[in-house]
Amino acid sequence: MEKKSIALACRMDSERALDLTKRIHDFLIKKKNEIVYLETRIAPKILPHSGRDLSEMTSENTKFIVSIGGDGTLLRVSSGLSQSEPPPILGVNIGSIGFLDESNERNVFKDINKILSGDFTIEKCSKITAYIVKNKSEEIKLGNALNEILIVSSKNSKVLQISVKVNGAFLNRSYLDGIIISTATGSTAYNLSAGGAIVKPSLDIMQLTPLNPFARSGLKPLVLPTNSEIEIQLLRPRLNAKILIDGQRIIKEVQPNTKIRIRKANAYAKFIRISLSDNYFRRLRKKIIGTIRVPLDDSPEEY
Amino acid sequence: MEKKSIALACRMDSERALDLTKRIHDFLIKKKNEIVYLETRIAPKILPHSGRDLSEMTSENTKFIVSIGGDGTLLRVSSGLSQSEPPPILGVNIGSIGFLDESNERNVFKDINKILSGDFTIEKCSKITAYIVKNKSEEIKLGNALNEILIVSSKNSKVLQISVKVNGAFLNRSYLDGIIISTATGSTAYNLSAGGAIVKPSLDIMQLTPLNPFARSGLKPLVLPTNSEIEIQLLRPRLNAKILIDGQRIIKEVQPNTKIRIRKANAYAKFIRISLSDNYFRRLRKKIIGTIRVPLDDSPEEY
Amino acid sequence: MEKKSIALACRMDSERALDLTKRIHDFLIKKKNEIVYLETRIAPKILPHSGRDLSEMTSENTKFIVSIGGDGTLLRVSSGLSQSEPPPILGVNIGSIGFLDESNERNVFKDINKILSGDFTIEKCSKITAYIVKNKSEEIKLGNALNEILIVSSKNSKVLQISVKVNGAFLNRSYLDGIIISTATGSTAYNLSAGGAIVKPSLDIMQLTPLNPFARSGLKPLVLPTNSEIEIQLLRPRLNAKILIDGQRIIKEVQPNTKIRIRKANAYAKFIRISLSDNYFRRLRKKIIGTIRVPLDDSPEEY
Amino acid sequence: MEKKSIALACRMDSERALDLTKRIHDFLIKKKNEIVYLETRIAPKILPHSGRDLSEMTSENTKFIVSIGGDGTLLRVSSGLSQSEPPPILGVNIGSIGFLDESNERNVFKDINKILSGDFTIEKCSKITAYIVKNKSEEIKLGNALNEILIVSSKNSKVLQISVKVNGAFLNRSYLDGIIISTATGSTAYNLSAGGAIVKPSLDIMQLTPLNPFARSGLKPLVLPTNSEIEIQLLRPRLNAKILIDGQRIIKEVQPNTKIRIRKANAYAKFIRISLSDNYFRRLRKKIIGTIRVPLDDSPEEY
């Protein structure tokens, strides 16, 4: 059996990310016992011939992969890895928020040492898949999403008209800019900006959140079990839609009357978490929701 | 073993509810094989000596109980029955919305016949419990909620300041009117009006939704697994809170600095559903969210 | 002085709109005393040689113009007419909502007779203008908006980072999909879907409404006097924006660091209103917000 | 003519407020030329016999009044002064937010010197009044509000059913906890927490904002000219409402079927503003909405 390696992936358009990647690479190489791969496209910039395609990395051949960048990098890496047997990912944030990332520039070397000592846990996150319905018996698979599937009007200011079914039952017809179907992992991303609820990633759910619906449309954020099937039909003549998977892969020119189905994928992501206790709620406060900072003893006036 | 009976409960302040209850009572009595009980407080108005306390009704001695009224009646009935072994409830709506109710004045006789033929399913819904923390080792149980626990300022226009912990981890400090911890069943009730997400009742979750928070507070609707423990601490000196359980039982004069904990209860409700297929999404559209009614062929103008 | 004429404009892509336009044309021609013009592009389809460009129509030469279509048609017509001295517009809705339209297929002939008898009022609505700041002393005017100026990321799922100033004072920096600056007239359009308030069109205001802002951004719908100057600066490197005026005219490829200013325009629209009393609140209920339909005597249960 | 005096008012339940009031009192007394009054209820604690009732203070006899506390104190002071000819108020914040306050503990002495040198401007803010309709020709005036009139269910968890008319026209019927009619000044207070828009105080408007409405009710925040008349009718049998004026004066046990009307008051508040330029937008950012703090050069990743 092949000895398991450590892999590195990073944002390409950031000198800071590339530089940190080099330093992590050197740090690992010095450990002597570790085999290190670089994702193919960055190998020429750091160490040629040490490249390996993300798609060839599995939990069989890779201890873990370090993703250096922000949430966008992490989504790209997760999307490129083996889908059903992915290696775990250590996210290292160098961006502005990086909610999914566990580590950062300051802690990454210490965190890698902890991982190599076995001092970590794995957070396993479900993905969802979108399909375009061709006819009654045929579906075209569009790809897996770790955060969300977004179906959105191809023209700003021209609202879609859609019909929503869940498990075959008609739920609602709406005018709206688009619709988000997010995972629990993606609930703090676009879903939250659109008014959806935050969902702890350990819950196996899908959330359907309308994007800027017309006032009387009625559709509200709806949390469903992941064994549900959501079907969105585009109704408006002469108005195409786009489908975005994790904000990265785009399917353009989706025609009126098309039906799109979303179901749980046979795919997931595994994130490395270092903290002994669950630091989800701390990350949520620090990176997403914040808190008030007022005196604790502020009492209401009595008259 | 005691032969299982059928029980009837209803709204007391509505002639229409009492009248329908009498008609259902007569309908059941005529079936000869059925033993019928009335909840104690309505027995004198329909058939004295046939009364039985809700608290004595269990799945052991009661086939099912018919709750005639609206969601409020159903919440009261569920709260009165045996908590860990309750009989299933058939909700009969005579009110204005009655989302939880499966039946109505028109269908109830037909629906009861279906149930007696075994033509129904059971929807089992988890409850949650609130506790007041007395000291490190002591908690006072406040009661089980099927819909929600509401912690709210005892004075309109005097906002609470609260601290929220989940599983012992500090999440957020906020100014707000109050906070709702709802079950999936209660997600379409007060939680929805306050901006929380709708959650399919088959999901075993709790949702934490702030009530009219101050803009910078940051707290957002948050969906958590039911094995979570939520702790709310009241911070504002000289401002008491009230705790409402399912909008019915009220704990007044909860003092500043009190900690309230919410956890999954060892209790549940069982609702009878008649439809062969899941009619949850139909009820959601018809009773809660609605839909637009515009021409299907409405196309955007081209210039 | 030229005798004032009546003008007709309509949606081009709808047979139903063209057909109604023909019938209104015939109806007016039969009146003998009326001179009727068709907007240039529809003249060939109805009566060649009777065409006139919208831009040549002013309150001096045109009694009123009938706009047959929906709100989109009406926005296009208003944008094409003389900006500072426009003739009044009678909107005739054949679309799905047509909030701004006063009339419809059923009432239009009766309504035109009322107008010709002087039985109407004029609602005068302010417009706003967007400018791109070239340097300290130079601005490029982008055009007048009756509903709204929308500044939006050129890529779905890539949020803008913007800085907002009002009257030269720094207000807020946000991550968001975009920002809407709407007039009172446009407050029921995209502004409402994005969470902005409805504003009665008689109020001379601008409303700034963020589009799907990141949770901690803080920006909220803000209503300002129309003598305010709003300045939006695009901050995010390598991410362009688009500017949409009334959802119709698009300025693409607006570069990072660009400043866009919005001020009241020296331009307005005039809408014909037939009803003696103000029917604004009726239109608001019927076309935009709706109402509940439950029994008036629904009382809360007493326990 | 009486020489104009300076008056001091403060929160009674705060030692810190009383202490600061004493220091301001001493500071003013030392100026020799100034006559200083204390609001009646605090005089015994600072200098007996120098008390004067708020209701006797007018712009005729009082240069300005210093309000030491937070927004609540300022609302109380404004409510106690002469309504049609009030002296201007300098708000001094010692509380947690104090949005309306211009000054604070650190700046108050410097700011008072500026005012005495004439170095200030006056912000004049309109009030609104609520009336209970007794019969067709009779109304009972309830009092003037600087921030808002709140009509709210007398029971938590029992929603009101109300009918809303504006200028005599039926707008909407809703289920909700209550309804807020706020001024522009009050738009950043309870109105904002309930989802209403922020309105610059120089705008002469009223905003109608529903409090936790049932999903299908449809009512949305609505900004109206202050010459509008809003009429709210309580519809639900057996459910009383409370009316709160600026969160301070409470009218209890308002019966079902009561009609409440809100109109512009013949009353206003005058706030002293020290800054030469308008510091409204700075106060808005610092005290209410906040801003993100992320790197300005954060660019989206390119793939």
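First chain written, first letter: the chains are A, B, C and D, and each begins at residue 1.
The rule is short, and it goes like this: a residue touches a chain if its C-beta (ideal position, glycine included) is under 8 Å from a C-beta of that chain, and two chains touch if they have at least 3 such contacts.
This one's a predicted model, so the numbers in the text were calculated from it and none came from an experiment.
> Suppose you list every residue number at the chain A-chain C interface; are over half of them used by both chains (same) or under half (different)?
Both copies touch with mostly the same residues.
> Report back the single chain whose CA centre is most distant from the CA centre of chain A.
Result for the farthest chain: D.
> Among A-C, C-D or B-D, whose interface repeats A-B's (more than half the contact pairs identical)?
Residue-number overlap above half with A-B among A-C, C-D or B-D: C-D.
> What's the distance between the Cα centroids of chain A and chain C, rounded to whole Å?
Centres of chain A and chain C (C-alpha means) sit 38 Å apart.
> Please tell me the distance, in whole Å, between the geometric centres of chain A and chain D computed from their C-alpha atoms.
Going by mean C-alpha positions, chain A sits 45 Å from chain D.
> Hunt down the residues of chain C that sit against at least two other chains at once, touch-wise.
Those would be 13, 158-159, 192, 214-216, 218, 220, 248, 289-290, 294, 298-300, 302.
> Over in the complex, which chain C residues touch chain D? Could you list them?
155, 158-159, 161, 165-175, 187, 192, 195-200, 202-203, 205, 207, 214, 216-225, 228, 235-239, 277-282, 284-285, 289-292, 294, 296-300, 302
> Chain C touches which residues of chain A in the complex?
For chain A paired with chain C, touching residues are 150, 152, 156-159, 176-177, 190, 192-194, 211-216, 238, 242, 244, 247-248, 250, 288-290.
> Can you list the residues on chain C that touch chain B in the complex?
Listed in rising order, the residues are 11-14, 69-70, 72-73, 76, 95-97, 215-216, 218, 220, 248, 290, 294-295, 298-303.
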